[in-house]
C-alpha cells in the first residue's frame, strides 16, 4: 500500500506530520520517540528575535482538551538555522519551518533567512497564533492581512509554502482563498481555538497569560469541519490537524479532504502516536483493498 | 445566602437557566426533573412557521462533546403561544422565549406574536443557530446584521431582551456591542461551535445534515473566554453557557463575568443538574462567607 | 415542582454476567423503575464521571421484576460504552434513568390469534417481558429469533417456558441456516393464514430485518409493531435528537425515545431510517 | 531513527497499597526504566483510554530497583487522576513514560560534610533513592520531614536505616509541633555550623517551604538543590509548558521536565513561581 502524499511540491513518505510546538526542534522528541515514523516535522514557531515566552502556568487540562499559552518561546531564527536545523537534518525527515512575525516586513525577512538554509523543505506561515499580542492571530482573521503576509513570504521563498489558519473566524474559506491567491501551495488547519479556564479556589484565571489556545480531541469536530469546508473551496492540498490521536481520527481528516495530517497534543500524551497512526491507516486500507492514500482523500465528499 | 440575580430587568430566584433546545417546552422535562430548581427556562428555538427539522442522524457524541443538527424542529409560534406556554406557565418559573427567523421582518413579526402572550418573561433572539440554512448564524457573525435583527425585535418588544451570540466569529465583542447598541438588555453566550464527524466505516459524514453544532464540556474553555471578553466590553449582564455540568463549572462562568448561567447538554445527560449546580454554588459561597451572588460575578477580573 | 414519572436513580448492581461471546446481562436494584416499567421500555445508563464518553447509553429492559424491585438489561459489546459496562461488577453503583419510552400496553393488543415475535441479535432482549405477559394471558407465542451465529445468540433460556422458539443462524451453527425472515416466511407458508385469524407481530432488530418483516406482514395483513433504535442524546424527550421519519397521517418526524421505541410499522418510514 | 533514552512501556502493576489516608504506593514492573533511572527522576503515567482526563500525570520515583527491574511511585490523592490511580490493582497494565528529568548525580555532590534532606508532604517520595545512595557512600544523612499531621506522612519506614529522621507536624500529632523549617532552624541553631563543614541540602515540597529552606541555606551558606513541580503537559521536553523563571546567569525560563526537576536553588527564581 502506497502511503506517499504530496503537499504542493513537498513529497512525504507517509501522511503523518509532527505539529508545530509539540515537537520542539526534535532534540527531546528523539529521546522518547522514533522520528522516522513522521512524513515530515514542523518545528516550533520561530521568530526573528529570541522570545522568552509567557509567564507560567502555561498549560491547563480541560475536558478532552489542553489549553496552552506558551507564547512562542524560541531561541530566534539565527540559532534555529545555525544550530537546530543542521542537527535535525541528519534524520532525513523533511523539515517544515513554522514562522511567526509581527509585520509583513518581518515575515519577509524571516522567510529570507530560512530560504538560505539548505535544510528547510517547506515554510509554514503561522498567521494563527493566539498567544502573542502583536501579529499572530490578527493576520489570520482578516483576508487582506492574510493575503499580504503570505505574499510577503512568497516573494522571497520559492519552495513549498504552507499557510496555517486559525478556526477563530466566521468564514475560514475566505481566509483560505486569500492565502491561495497570494501564492500558498498548501494550507495547515487548524491552529488552536482561543479559550480560558478559571481556578475557583483562587478565583483567578489558571493561565499566567489569562487566555490560551485550546487543542486536543475536544476540538476535533471543529477541525474536521474546517478541513471539509476549505478543501472544497480551494484547489491546494490541506494538512488537517486538531485532536488526532489514532488512525481513525486521521482517517476522518483524510476523508474530509485532507492530503496529510499533523499530530500535536497527541504527541504530548504519547510519543508513539505517529507509528500507531501510520500503521493503523495502512491496516485500514489493506483490509479494504485500498492501494493509494489518494483513494481516501476527500472520500466523504464523493 | 442570596442567590437572586437580575438579567436586565428579569429577576431570577437563582442563576441557573435551562438552555434553549435541551428542555423542549417542558412537557418531557417535567417527568424526569424538578423544574423549580431553575431560575428561568428558555424554550426550544421557535420560528413563525412549524419546522420539521433536519434528517437523522441528528446527534453524534464526540470527545467530551455532542454534535447536534436538530434544525430548529418546532411546532411554530402559534402552537407554542396558544398551547405550550399557558401549560408551562403553571410552574411559575420565568419563561424565556428563544426565537429564530430568516429576516428582520420575520424577527419583528415573531417578537410581536410573543409580545401578546402574557406568559413570556423575556425574549432571547437566536442569531446564532448553526443548523439552518437561511438566517440563523448569519445574523450573529456580522455586527450590522446583528444590530438590525436586534433592533427589529426591540421595536415591538418592551420586556427584557436577550440576544444569543455565536462563538464562530473572530471578534465576539464587536457583535456584542452591536446587539447592545440596538437595545439588548442582556446577552446569552455561547451557542454551539460548528463541527462535524465522519464515520470511517461508511466513509460518510455521521450527521444527516453533514455539519452540526458542538456543545458540552469540550467547548467550555471557548465559552468562558467569550464570557470573559464580552462582559468586559459591554455593560449589560451576560448569561454564560457551554459545557456546564457542575457547580464548579458554573462558578467559573460567574467569576469570568456571567450574571447567570445556562445548562444545555448537561440536562441531556442528567436532568438533576440544576439542583446539583444550585446547591453547589450555595455551599461554595457559604463555606467562604460570601453572601450574595454579585460578590462572585466577575471576581476573576478584579 | 415535578410530575415525576421517570426516575434518576443511583442504583446498586446486583450481578453482571457474560451470557456468551460479547453478550452481557446485568441485574440492577431499582425498585422505582421496576415498579412502574412496562414491557419494551428502556433505561438510560450513565457510564461514569468522565466526560469522555459523555452521554448515557440506552438499553431495553430485558427483565422487569416489580416484586423484587429489580430490572435487568442485556447488551452486546459494540463500542466503548458497552465495553466499559462489561467491566462492571456486582456491588458497584450505577446511575440509571428510567423507565423511558412508550413501552407496550399488552392489554390493548389483540392476542386472540396469537403473538409472533421476530428478533435479530440483541433485539430479543426487549421481547422477554412481552412474551411472558402474553403467555400469562394464555396467548400462543411464537418466537422467531436469528443471529449471525450461535455465538451471537442471547440466552434463550430467559424466554418464559411455553413460547415456541424458532431459531435461525446465518452460518447454520444452530437451528435453521439462513435469515430469520426466511424462516418466518417458510413457517407462514406451511401454516397458511387465511382471511381471519391474523396474529399480532412484534419485531425488534436491525433495520434491514425490520424492513423485511414489514414486507412479510404487509403481504399477510398482520398488524406489526416494531421497536426502533436511533442515536439518542437525552433519551427522555427534550433534545429531539432521535428523529425517525413518519409515514401515514403525521408528517415530519417522531421521537424514538418518547413517541417510541414501539411504533406501528405503518406509522413510520423505515425506508429512510438510518441504520 | 531514535536515540532512545526514554521508554514508553506498557508495564504490569505489581502492587498498589494504601500507605495511609490519601497516600498510595505502587510498584511497577519496568526493567528498562529501573535499569537506567537516576535518583529524583520521574515518570509520566497514562490514566487510560478516555480523553478525559487527557494528559499523563508525573510522579517521582520513590523507589528504583534495577536488579528486580522494578520502579515504585508514591502519591497523594489530590484530584481526578490520582483518584483513578488509587483504584488500580495488581496485575493490571499501565503505560509509563520514563525515566524523565535530569535527576541527581549523587557522585558529583560533595557529601564530606553530610547531606541534609528537607521534605514536606509527598515531597519525601523522591528523596528515598538519594538518601540510600548517600548512605551507601557513607555520608551522614539528616532527614527533616514535615506534614500537616501524622495522617499525611509518607511511610518513613521506606527511608533506608541509618538516616537520622527529624519529624515535624503542624498539629503536633507526631514529632515536633510546627513547620519543618522551624525544626531545621532549631537544629542548625543547636548544632552550630562554623565556616567550613557545610553540608549539602536537597529539598522537595510545597513552594512556601522551599522558599523558607532557601532562606535558611542562604544564611548558613549551604549549597541547596531543590526539586520543583510545575503543571506539565508532555513531561519530556517538547511542549515548553513547564516553565519556571530563571535567576542568575540564564534569563527567561527553564523547563522543569528536562532542565529539572532538580535545580540549584540559586539558578531559579522561586519568588515568581506559581504554587
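By written order: A, B, C and D. Residues from 1 in each chain.
Keep in mind that, in the parts below, a residue touches a chain if its C-beta (ideal position, glycine included) is under 8 Å from a C-beta of that chain, and two chains touch if they have at least 3 such contacts.
The structure presented is a predicted model; accordingly, all values stated were derived computationally and were not measured.
Trainee: Among the other chains, which touch chain A and chain D together?
Mentor: B, C
Trainee: Centre-to-centre on C-alpha atoms, which chain is most distant from chain B?
Mentor: So the chain farthest away from chain B turns out to be D.
Trainee: Counting only Cα atoms for the centres, state how far chain B is from chain D in Å.
Mentor: Spacing between the chain centres: roughly 47 Å.
Trainee: For chain A and chain B, let me know how many angstrom lie between their CA-based centres, rounded off.
Mentor: It comes to 33 Å between the two C-alpha centres.
Trainee: Can you check how far apart chain B and chain C are, centre to centre, with Cα atoms defining each centre and the answer in Å?
Mentor: Computed from C-alpha means, the inter-chain centre distance equals 35 Å.
Trainee: Which residues does chain C have that touch at least 2 chains other than itself?
Mentor: Answer for chain C, listing residues that touch two or more other chains: 51-53.
Trainee: Which positions in chain A are in touch with at least two other chains?
Mentor: In chain A, residues 63-65, 216-218 touch at least two other chains, as defined above.
Trainee: Once you draw an edge for every pair of touching chains, what topology comes out, line, ring, star, complete or other?
Mentor: complete
Trainee: Over in the complex, which chain B residues touch chain A? Could you list them?
Mentor: So the residues of chain B in touch with chain A come to 62-65, 67, 141-142, 168-171, 193-198, 200, 203-205, 210-211, 214, 216-222, 224-225, 228, 243, 248, 251-252, 255-256, 284, 296, 299-300.
Trainee: Touching residues of chain D toward chain A in the complex: what are they?
Mentor: Against chain A, chain D makes touches at 1-6, 8, 46, 51-56, 95, 97, 230-234, 236-245, 251-253, 258, 272-274.
Trainee: Spell out the residues on chain A that touch chain D in their complex, using ranges where they run on.
Mentor: It comes out as residues 21-24, 27-36, 44, 52-53, 55-61, 63-66, 68, 70, 73, 91, 208, 216-218, 245, 265, 267-272.
Trainee: Looking at the complex, which residues from chain C come into contact with chain A?
Mentor: 51-52
Trainee: Which positions of chain D touch chain C when the two form their complex?
Mentor: That would be residues 49-53, 80 of chain D.
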